[in-house]
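One chain, subunit A, links the two complexes that follow: it is found with subunit B in the first and with subunit C in the second.
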Partner chain A sequence: MSSALTSSATAVPQMALKAARSAQRRQIRTGLLFVSPWVLGFLAFFLYPFFATLYYSFTDYSGLGAAHLIGFANYWALFHDSLFRTSLFNTFYYTAVELPLSTIVALGLALLLNMKIKGMAFYRTIFYIPSIVPIVASCMVFVWIFNPTNGVMNSLLSNLHVPGPDWFFSVSWSKPSFILLGLWGLGQPMVIYLAALQGVPKDMYEVASLEGAGPWHRLRHVTLPMISPIILFNVVLQLVVCVSYFTQAQVIESQDVGGPGTSTWFYVQYLYTQAFQFLKFGYSSAMGFFLFVITAIITTVLLKSSSRWVYYAGDDR
Partner chain B sequence: MITAPQVLPPRTSPQPSETWARRRWAPQKLLTSASKHAVLLIFTVVFGFPLLWMVLSSLKSNPQALQSPVVWWPHPFLWDNYPNVINAVPFYRFVLNTLLYAAITIVGVCLSSSLVAYGFARLRWRGRDALFFVMLCTLLVPFFATLLPLFILYRKFHMVGWYLPLEIPTFFGSSVFSTFLLRQFFMTIPEALSDAARVDGANEFYIYSRIILPLAKPAMATVVLFQFIYCWNDYIGPLIFINNENWYPLSIGLSFVLGTYSTNWPWVMAAAAAATAPIVILFFFTQRTFMGGISIQGTGTKG
Partner chain C sequence: MKALAIGSALTVLMAPGTAGASALKPDGGVVNLTWETMWSGPTLLLLKQMTTAFNASHPGIRVTEENIPSATGDAKLQSQIAAGDPPDIFTEWNPVIGEYAAKGYILNMNTYLTGAYKGFVKWMYPLAAATGTYKGELVGVPMSLNSWALYYNKSIMKAAGIMSPPTTLAQLTADQAKEWIISGGKLSQIGMYPGANGYQYFSTFFGALNCFNSAGQYDYANTKTCPGATALMNWLTNFKSYPYAQVNSMNATYGAVAGGDDDPFVAGKEGFNMDGPWEGAQNIPDANPSMEGNFGVIPFPGTVGGPSTIGQGNFNIIPEGASNSKDAFEFITWLAGYNNVKFTSNIDPQGGWVPAGPQIAAAPAYQAYVKKFPWMTTYLEQMSSKYSQAPLLTTNQEQANTAMATASNDVQDGSMSPAAALKYIDTQANATS
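Take a look at the complex of A and B:
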């Protein structure tokens, strides 16, 4: 009798454990069922092509027929390709200027808009709209405004007796022209920063003021730490956008209205040309994978450094 | 440049100095307010001018547009530029192609992203957070790092030349942004609603389709809106996969207008304005949906 008791006593938790396990399995099954569209998509449209890119990067492949393994030859060729270096430099230049500049301007505008001021909705709308203008349309407008001979910008500059540059047609000014075009459309991060600023608790400012903090100190020691996670989030996302810079340059160069020589020959444009014009899929796969590696390194550095400058409220990390 | 709102030091009781302080502060407040508006107005000109110049240029005659010094105001208003450039290219065809592309991907995104978001937001299961993290990480990989094998694959299935390569992935949760946005929204719906339904014996799909989705209409509206604008703007996708002129979307059609008529700027500007107007009008009618959607992106993204 005593043995029956003990056995049933151990059986109960075992049964409960079994029930809990099967419940857990059921939960996993239901969860996976709901996210299965994405899981399938991830496998087919991300994981497969990601590894296939890595594989093709070691091959000589025209996109048709068979791919021949050639080891690291594509990568060696890349480092001896001056056009590759030029395109890498141009993209680096664009990213290194555009990313910090757009972050600072977007943040500055968000701070301006966050002030208690009449007509805030009007200003916000005006600053935001350029970011939804179709990219090709914004290229058209900028090429026209910055037209060297008939554009309104150089006409204004000549009124001020400043000789206007050739903008999109000038080797030294074409990259800054693209950066200006990019800055015009920074509405998206601006609105994100504005939402973050409005989420900073008001009483923190009151406490800071009571302790004698001026506007600059409040910005430096309250506002910026509080929204630093959002800044990190935005910078990391914008990084991918910057290194993949393509559309604007392709539109303007393919229509022969700017981008002289290789001055605005960006990385992804070179990749695109190698693949779809010269049918060197192996070579451009190597470029694709190299782009991923560079992006991953910069992102990792950003995330690692974030523990120094990103403040997580209610977190002791 | 940045002036934070002035905060008066708190006073325990109204004293004679209070009125003095108010008198001293009032003009200063007016001054700071004026300087704020001045800075904001400068930026208003910077951001607004290109669009204004686009519209003004589109109403000029070509000699007027090229005149030096610059003619600021078109005289007379040459509205004919619009029908002329629209009839010079298959504009409506381009618009129709774009609308079709947008419509199909909107269906795909709404179906798949809402399902996936439900799985990530409303269900508790082991491995959920890890998978969600993987999904976010895919955002950090450049599109061109995975494009080429997909192109080769689609060509094997004879899909290059159609919009299918751009449409199919949207049915498989390819729009991470939409999934993320819907997840954030779903998480704000009280858990008690789901629990009550579960007690009544409802299964998860029922809760998803009959309880959560009807409540998520505003978030779904945002997703539809952003997907529409994405398609209206998309240039890279069609450039790679569409090779037949009859199937070009508006973005590629516009780029040819720029190349073909780059000596006739009023026409180019009229085409640009015609492509921009629908988006701007749409924005004015749905501003709240818009701004709400972007703000969601910036919340709950810690860690």
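Take a look at the complex of A and C:
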């Protein structure tokens, strides 16, 4: 009798446990089913291409037929290719100037658009519009604005008795011109900063004001720390955008690709040329993987350094 | 739309029955062919006419023309071939086909040069056939060709005190120098500026094309075996005294950015310009009719002893893995005008095209066109000139052309010496990885 009671008493929790496990498995299955489109997409469109690129970077591959393993020959060739070095330099020049500038300008615009003044919706729309203009169209507009002979910019400078440069058509001014073009379409990061600014608790500003903090101190000690995770997020995103710079240079310098001289050969443009024009998919894969490694290193440094300048509310670090 | 419909109807009526292939297939079925092109605008309308006419005269074959953006056309074709699902025909810019042939992307059409097509290669201009041949294999067939000659603006010449078009290179160099107008540092008129195409398109005028060493590598820097290359680069250095940036910006102003067809010459702002027949037959009438009658065309006064041009054009290729290659070949030869002289001699003038074979040029419809635009004779004569040359199709031809464009610009903007520029071309063109 007692042993029957005991076994019955243990059977009930076991059954409950079994039912719970079964429900958990069902939940996992359902969860997996829901995330499966993303997982499949990740496997097919990210993980496979990533490892395929790594593999092809060690091969001589024209895009068709068999790829022949050639060890590190492609990587070795990279460092003996003067255009590769030039494109790397041009890209990092662009990134080194564009990244901080775009961060400052986008954040500055967001701060202005966060002010409580009449007609703000209109201003927000105006500043966001450039980011929805197709890139090719904006490039054409900028070619006109920066036309050295009869462009708007040089006409304005001429009225101020300042000789205008040759912009996109000058070796020394071509990259700065692309940087200016990049600053024009900052709607996306600006909107993200604006959303972050609106998430900063108002009472923090009130307390800071009561403590005697002026606008600069409120910005320096309240706003920037509170939105610093978003700044980090945007900087990493913009970094990837900068190192992948392609379309604008391809369109604007279409008559003189990479020109004037080699001043606008950007990395991804050269990578694309190697792959789809010269059919050197092995070499371009090596370029792609090299760029990935460099970007990963910079991103890691940024993330590591973030513990010093990014503030996460509730984080005890 | 109405005009297009009428045009299509006319082309159907004009389309000839073609020897050999117009009947339905033995099983009564119809073979569907896909033809991918990268054209737009008026040329695309001509292609539609051609497709309609072919389909009307070939009930056993149905061609569908698909237009793809030129910026991504090559990448798309490569992906399609790699995926085993290529179009049956692809119209490609000729510098690419050497690489495609070498790397197995396109079919060797020699297989089909039998029976009714035995005489096809000889039917074309030798220049056309050579430009589409890789190591003895016919890999591309043009439906029209490019030919390059020198345009001159009559009123600009007169204003500069030049009585007649130049007949020597030295005269051209001196004449164009008189035509530049730069006032207060601002450029308002160009004499002549070769630009990025300075090396490639001008190479035959100097005997500077196809310079290779015994190992088959590009060897333009060799002054002994390729003196023409140095002569051409030295000539290009004449242009470094002009404002490179302002010339480029003027080109951009008149639409040369992003593949635009217009240029300062069309706008009446350039004294001399190297261009193809479409400049006079299409661009000027469309964009600036006031220039009609104000220009002339002469062979470029090069150093080789006679008129010449580089073999160049849009070639139809059959991608590897195309499912109906024999029918595709039939379509390709029809587009070239083989057994289709009457239709082609009517359609080529509409595009301002130089035909693929002399029979078309001699046909009444084409002759009527030449009568209307007498300067077309210059282009036609160049096609048969012994000085004209086809660029040898090689694995690295695109690399060579890209390097030539960079080197040409760098010599003209003064950032590279002629010798350094030629060395640069060799280094870039011979790079294997």
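As a convention for this text, the second predicted complex is superposed on the first by the 297 of 317 C-alpha atoms of A that agree within 3 Å, B and C clash if a C-alpha of one lies under 4 Å from a C-alpha of the other, contacts with A are read in each partner's own complex, and residues count from 1 in each chain.
Basically, a residue touches a chain if its C-beta (ideal position, glycine included) is under 8 Å from a C-beta of that chain, and two chains touch if they have at least 3 such contacts.
Bear in mind the structure is a predicted one, so any value in this text is a computation, not a measurement.
Engineer: Put the two structures on top of each other at subunit A: do subunit B and subunit C fit, or clash?
Structural biologist: Aligned on subunit A, subunit C clashes with subunit B.
Engineer: With both complexes overlaid on chain A, does A:Tyr94 touch subunit B (first), subunit C (second), both or neither?
Structural biologist: Neither subunit B nor subunit C is touched by A:Tyr94.
Engineer: Which of the two partners, first being subunit B and second being subunit C, lies in contact with A:Phe84: first, second, both, or neither?
Structural biologist: neither
Engineer: Please determine whether it is subunit B or subunit C that touches the greater number of subunit A residues.
Structural biologist: Subunit A has more residues touched by B than by the other partner.
Engineer: A:Tyr270 contacts which: subunit B (first), subunit C (second), both, neither?
Structural biologist: In the superposition, A:Tyr270 contacts neither subunit B nor subunit C.
Engineer: If we overlay the two complexes on their shared chain A, which of subunit B and subunit C does A:Val143 touch? Say first, second, both or neither.
Structural biologist: both
Engineer: When the two structures are overlaid on chain A, which partner does A:Ser62 contact: first (subunit B), second (subunit C), both, or neither?
Structural biologist: After superposing on A, A:Ser62 lies in contact with subunit C but is clear of subunit B.
Engineer: Per the contact definition in the header, classify A:Ser209: touching subunit B only (first), subunit C only (second), both, or neither.
Structural biologist: First partner only, subunit B.
Engineer: With the two complexes superposed on chain A, say which partner A:Tyr245 touches: subunit B (first), subunit C (second), both, or neither.
Structural biologist: neither
Engineer: Using the superposition on chain A described above, determine whether A:Pro260 touches subunit B (first), subunit C (second), both, or neither.
Structural biologist: second
Engineer: Counting only touches as set out at the top, which of subunit B and subunit C does A:Ala52 meet: first, second, both, neither?
Structural biologist: Only subunit B; A:Ala52 stays clear of subunit C.
Engineer: Which listed stretch of subunit B (3-11, 93-101, 183-191 or 237-245) steric-clashes with subunit C in the superposition?
Structural biologist: Clashes with subunit C appear only in stretch 237-245.
Engineer: Residues on subunit A in contact with subunit B in one complex and with subunit C in the other?
Structural biologist: 63, 136, 139-140, 143-144, 147, 150, 250-251, 254-257, 276
Engineer: For subunit A, which residues count as touching subunit B in their complex?
Structural biologist: For subunit A paired with subunit B, touching residues are 24, 27-28, 30-35, 37-42, 44-46, 48-50, 52-53, 56, 63, 108-109, 111-113, 115-117, 119, 123-130, 132-145, 147, 150, 152, 155-156, 159, 184, 188, 191-196, 199, 205-206, 209-210, 215, 218-219, 229-230, 233-234, 236-237, 240, 243-244, 246-247, 250-251, 254-257, 268, 271-272, 275-276, 281, 284-285, 288-289, 291-292, 295-296, 299, 312.
Engineer: Under the definition above, what is the set of subunit B residues touching subunit A in their complex?
Structural biologist: Residue list for subunit B touching subunit A: 1-5, 7, 9-10, 33, 36-37, 39-40, 43-44, 47-48, 50-51, 53-54, 57, 65-66, 68-70, 111-112, 115-116, 118-120, 123-128, 131, 134-135, 138-153, 155, 169, 171-174, 179, 204, 208, 229, 232-233, 235-236, 239-240, 250-252, 254-259, 262, 265, 268-269, 271-273, 275-276, 279-280, 283, 287, 291, 294-295, 297-299, 301-303.
Engineer: Sort out for me which residues of subunit A touch subunit C in the complex.
Structural biologist: 60, 62-65, 73-74, 77, 81, 83, 136, 139-140, 143-144, 147-151, 163, 166-171, 250-252, 254-262, 273, 276-280, 282-283
Engineer: With touch defined as at the start, can you tell me which subunit C residues reach subunit A in the complex?
Structural biologist: 71, 74-75, 78, 81-82, 96, 99-100, 103-105, 185-188, 195-196, 243-246, 248-253, 256-259, 320, 396, 398-399, 402, 405-406, 409-410, 413, 415, 428, 431-433
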